[in-house]
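Both complexes shown next keep chain A, but they swap its partner, so chain B is in the first and chain C is in the second.
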Partner chain A sequence: MDENSSARLKRRLLDIVYRIGLFLAMLTICLPGLWIVISSLRPTVEIMAKPPVWIPQEISFDAYVAMFSGIGKGGIPVIEYFRNSLIISVTSTVIAVAIGMAGGYAFARYRFRGKSSVFLGLMLTRTVPGIALSLPLFFLYVRLGIIDTHFGLILAYVALNVPFTIWLIDGFFRQVPKDLAEAAQIDGCTRWQAFWQVEFPLAGPGIASAAIFAFLTCWNEFALASQLTRSVSAKTLPVGLLDYTAEFTIDWRGMCALAVVMIIPALTLTYVVQKHLVGGLTSGAVKG
Partner chain B sequence: MATVTLTKLTKRYGNIGIVHGIDLDIADREFIALVGPSGCGKSTTLRMIAGLEEISAGSIEIGGRIVNDLPPRSRNISMVFQSYALYPHMTVRENLGFSLKIAGAAKEDMVRRVAEASAILGLDMLLDRRPSQLSGGQRQRVAMGRAIVRDPDVFLFDEPLSNLDAKLRTQMRTEIKKLHAKVQSTVIYVTHDQVEAMTLADRIVIMRDGHIEQVGTPDEVFRRPATRFVAGFIGSPPMNLHEATIDDGQMVFASGEKLPLPAQFKANVTTGDKVVFGLRPDDIYPTGHGISSGGAADVHQIELPITVTEPLGNETLVFVEFNGTDWVSRMLNPRPLRPGERVAMSLDMSQAHLFATETGKTLRS
Partner chain C sequence: MKGFKPSAPFLLLLPAMIVLAAVVVVPLLLSLYSSFTPFRLTRPETFYVFIGIRNYLSILSNTDFWWAFGRTVLLLTIALNLEMLLGLGLAMLVEKATRGQRILRTLMMFPMMFSPILVGFQFKFMFNDNIGLVNNALQSLGITQDAIPWLIEGHLAFIAISIAEIWSSTAIFAILILAGLLAMPKEPIEAARVDGCTPWQTFRYVTWPFVMPFAYIAMTIRSLDVARAYDIVKIMTDGGPAGRTELLWTLVARTAYSDGRMGMANAMAYFSILLSIAFTVYFFNKLAAARTQIGAEW
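Let's turn to the complex of A and B:
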């Protein structure tokens, strides 16, 4: 076999190995999700079966129907939970991104005293696990009378997300050449106009990804929400999952069905926004 | 159109001085080049004129109006950046019309002015493209178009050609010159390339360490450099500069070699003076292969060994050894020469320069 054909063969073999590796990786990532969907459609007996039943024998949407039925018929206030989740996640994301934009821009563009210490301080707040804060927050919120309210949870989530959005957005603003804002100012813009007309559209994809991360953090957060909310008027979907646990039983099928209901909006949002996350938008601005 | 006056213009970052109180008068419609090595303060000066950098002291007048604290948008200037700084999310048309849009110009007016600028620079075919779809030269033209559309009092150019390759640079240089002839506005052009400065500018400002070394026409700074720095900076290949001591009407170099003192400096130096002797490559040539500007009496003959030759086609740069280092000389109508060969060289002393070693200032009266 000559050198060329053996090199070609080697390349093809490597290609196949890569593909198998990729398939296994994707399987590991996707299987739990798939298992949740399957489990929401099969009877509890099958879910608990040992050894596991891989292919469902019987499929039904009973769990979904029951979920939306009234209390006493296996239903839970899913609409209320969904509304709470949406209000809390959207509001805290909007606030966190707004603060993140202002902060990220300041860190990216301005020089000021103590800049790196402030930045480091912000990052350090991320090292404290959310659950460790839940008890102090609980006491604090009880005293302030904001326990079990949308406002309380929004406040906690904003605080949780701001360091991260600042860090992420700072990086995206750094990628927008400073010359562009200066060119805009020479072209007649105020500092404010230059930001909105030039820098913001260019950092847009980065801001969008910061927003997705912030939203998903709020949407999926359980530890704090389970401590700081307790009534139907404030509980979010992840906390709602607990409604399926009783003293002696856990309704695994119902829980999986609610998990699917939770995943769908997050998945849809990510899908819609990811199309706008086009990198390299700044190419062509400066020499390249 | 407007004059620009800088008075004691100063820039400091903390205790570090960048520009040290420079004075400069720029006439209406004049093309001024600020030139100097990196870090000489030329770009900072331009940015202060643009309003992108605050001034620490002094004043800037544009068209008789003091603009020290006005934001860039109120100075009626436009600027072409080294990086082009085109808005990547806008088409060429939108880039050109951006300033008009911000100013709230009428739609017809905008269309007309964008069309005018695009016609001047030949951008008609590119109007619907985005900057990322343009070549370097095209981007450069769009950047200039964006500046023209504003119809500013003063054009500022910040090393606009330094990102282009050599061929395109020459081409764009010509375009900038044509553009200036067409739009007839005041231009302040920053470059570190003395060839650009020489070819484009009406007057050149040579800066060094935040000070102005000399202001003059290209001819003045080339023929009558005020300092040793200017002499070495302007001209390509650079002027040959050697330290010497005056001894009884002669210049004695470190190696012990001697040359006669150029007649035009005799009155200004005395024995014992330390000087720097300068002679441009054009004024040293293998005898019979150059043009002397002065009379025959001014041409000094000396035999020197050749170290290297660099043929350029119509001429050859000949490096000869003098005073322990290489002297560059320019040989017209070249003939083949071999390294090591000793040739008779003509030194046109009427074109020689002398600078005081200590101050670096010219000894010409």
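Let's turn to the complex of A and C:
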């Protein structure tokens, strides 16, 4: 075999190995999620079958119907949990982004003493593990009478999100050239007007993705919510998921269906913001 | 006092400071105080009894605590290192792809969209000894006939939890490292190749230094919420079997809420807070160092 064709063969082999590697990697990433979706659509008998049934024989939406038809046979109040999750996540996101915009603007546009230590300090408040923070909060909330309320959880989630929204929004404001706002100010805008009419619209998509990120953090949070809520009036979806495991027999299909309900908003929103999110994290952090 | 006029950045940062002080700093001071008391939820009057560092002393001689502490550090070490390696591999696989890179990138982000509690549930389902995907697959392929007790045997449960943790967080590394690879100028690589570097040398001395800050950003983000593992463990094994997968965080929760020993739990919580802060400060410094190195070259 001459050198040319053996080189070509080697190249082709490498290409095939590469493709198999990529395929396996993607399979590992996607399979667990797909398995949940499939399991939520098949009858419980099939999930429990021994030997396993690999290809679904029949598709049914019973699990979803049962879930949303209120507290019935083994049902949990999903609608209430969904409503709580939505109210808490949206409110705390709006507040966290407003605070984050002020803070991010300060970091991106002003020089002040101790800037990097203030930044590190903000980040450090975020490192406190949720469960460690829940101990004093639980005690305080009981005293103040805001345990198991929307307000209590919203307050906690705002604090949880502020450091990260500041980091992200700081990055997005840095991407907007300083000269634009200065030009607007020379043309007679006040700094306030220049901010809202020039810098805010330009950083807008980035701020939107920071908002979505904050929303997802609240939507997914478990450690705090599981201790600071007790009843249907404030429990969120992640805590609700645990309702299924509290019983002796686990309703796998119901849990899968609830998991799908939880993942759909997250999936859509993350898809929308992925590009901006990476841009914000890296620009804010690398260019210093 | 001279006419104090607060500066603009101070005013802008004030709301953030107030919220964080109210929800994080003050409660933490409170919990620091209560870690010096024998406070129990069922006996409120114990909140005002001061016992000095007795809680901390009894933690030092508590073997359960040290096992949980060691296990937590072990889990974090294994998980962070593997996530970094796998993330790097994944990023390079996707970067090499000539077609469909956009779709691959979206697929790669898939695990990021799962909340830890969902990741835990999903792997609890897959590792179920009776009906789980993993055992079913192993049995169908004829590799084993037994139902492997993934979540029931201590070591296997630890492995299962590590897998869940790695599955959920590799994406963060992959995405940020990929962003670094894509932002990298092509000339240095070509120059290295012309100068006769092997692919490994090109990677080691040209690509890696450039991508490193991006990896540290991922590390910093990860270290901000290492305690996510609490959710995963809580739903997968709840610290079981017989405390064999108990992490620092589940131990704190159990001591506080099941046993009602708040004072003791707060003392333990301080260990977990210090652990998190140590991680963050470490990676934050690495990030700063890597940033100045790159800054000089940019």
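One rule holds for everything that comes next: the second predicted complex is superposed on the first by the 224 of 288 C-alpha atoms of A that agree within 3 Å, B and C clash if a C-alpha of one lies under 4 Å from a C-alpha of the other, contacts with A are read in each partner's own complex, and residues count from 1 in each chain.
The definition used in the following text is that a contact is a pair of C-beta atoms (placed from the backbone, for glycine too) under 8 Å apart; a residue touches a chain by one contact, two chains touch by 3 or more.
Worth saying up front: this structure is predicted, and the values here are computed from it rather than measured.
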item: Touching partner for A:Pro201 - first (chain B), second (chain C), both, neither; value: first
item: Broader residue contact with chain A after superposition on the shared chain, chain B or chain C; value: C
item: Partner chain in contact with A:Ile166 - chain B first, chain C second, else both or neither; value: second
item: Which of chain B and chain C A:Phe112 touches, first, second, both or neither; value: second
item: Partner chain in contact with A:Cys189 - chain B first, chain C second, else both or neither; value: first
item: Partner chain in contact with A:Leu180 - chain B first, chain C second, else both or neither; value: first
item: Touched partner set for A:Gly145, first chain B, second chain C, both or neither; value: neither
item: Touched partner set for A:Met123, first chain B, second chain C, both or neither; value: second
item: Touching both chain C and chain B, counted on chain A across the two superposed complexes; value: 281-282, 285-287
item: Touching residues (chain side chain B, partner chain A) in the complex; value: 50-52, 71-73, 77-79, 81, 83-89, 98-99, 102-103, 130-134, 136, 139, 146, 150, 163
item: Residue ranges of chain A touching chain B (in the complex, touch as defined); value: 177, 179-180, 182-191, 193, 197-198, 201-202, 281-287
item: Of all residues in chain A, those that touch chain C in their complex; value: 18, 21-22, 25-26, 28-33, 35-36, 39, 47-48, 50-52, 54, 98-100, 102-103, 105-107, 110, 112, 118, 120, 122-140, 155-156, 158-159, 162-164, 166, 216, 219-223, 226-227, 238, 241-242, 245, 252, 255-256, 259, 262-263, 266-267, 270-271, 274, 278-279, 281-282, 285-288
item: Chain A partner contacts - residues on chain C that touch it in the complex; value: 7-10, 12-13, 15-16, 19-20, 22-25, 27-28, 30-31, 34, 89-90, 93-94, 96-97, 104-118, 121-123, 125-126, 130-131, 133, 136, 139-140, 167, 171, 175-176, 179-180, 183, 213-214, 217, 220-221, 223-227, 230-231, 234-235, 249, 252-253, 256-257, 262, 265-266, 269-270, 272-273, 276-277, 279-281, 284, 287, 291-292, 294-295
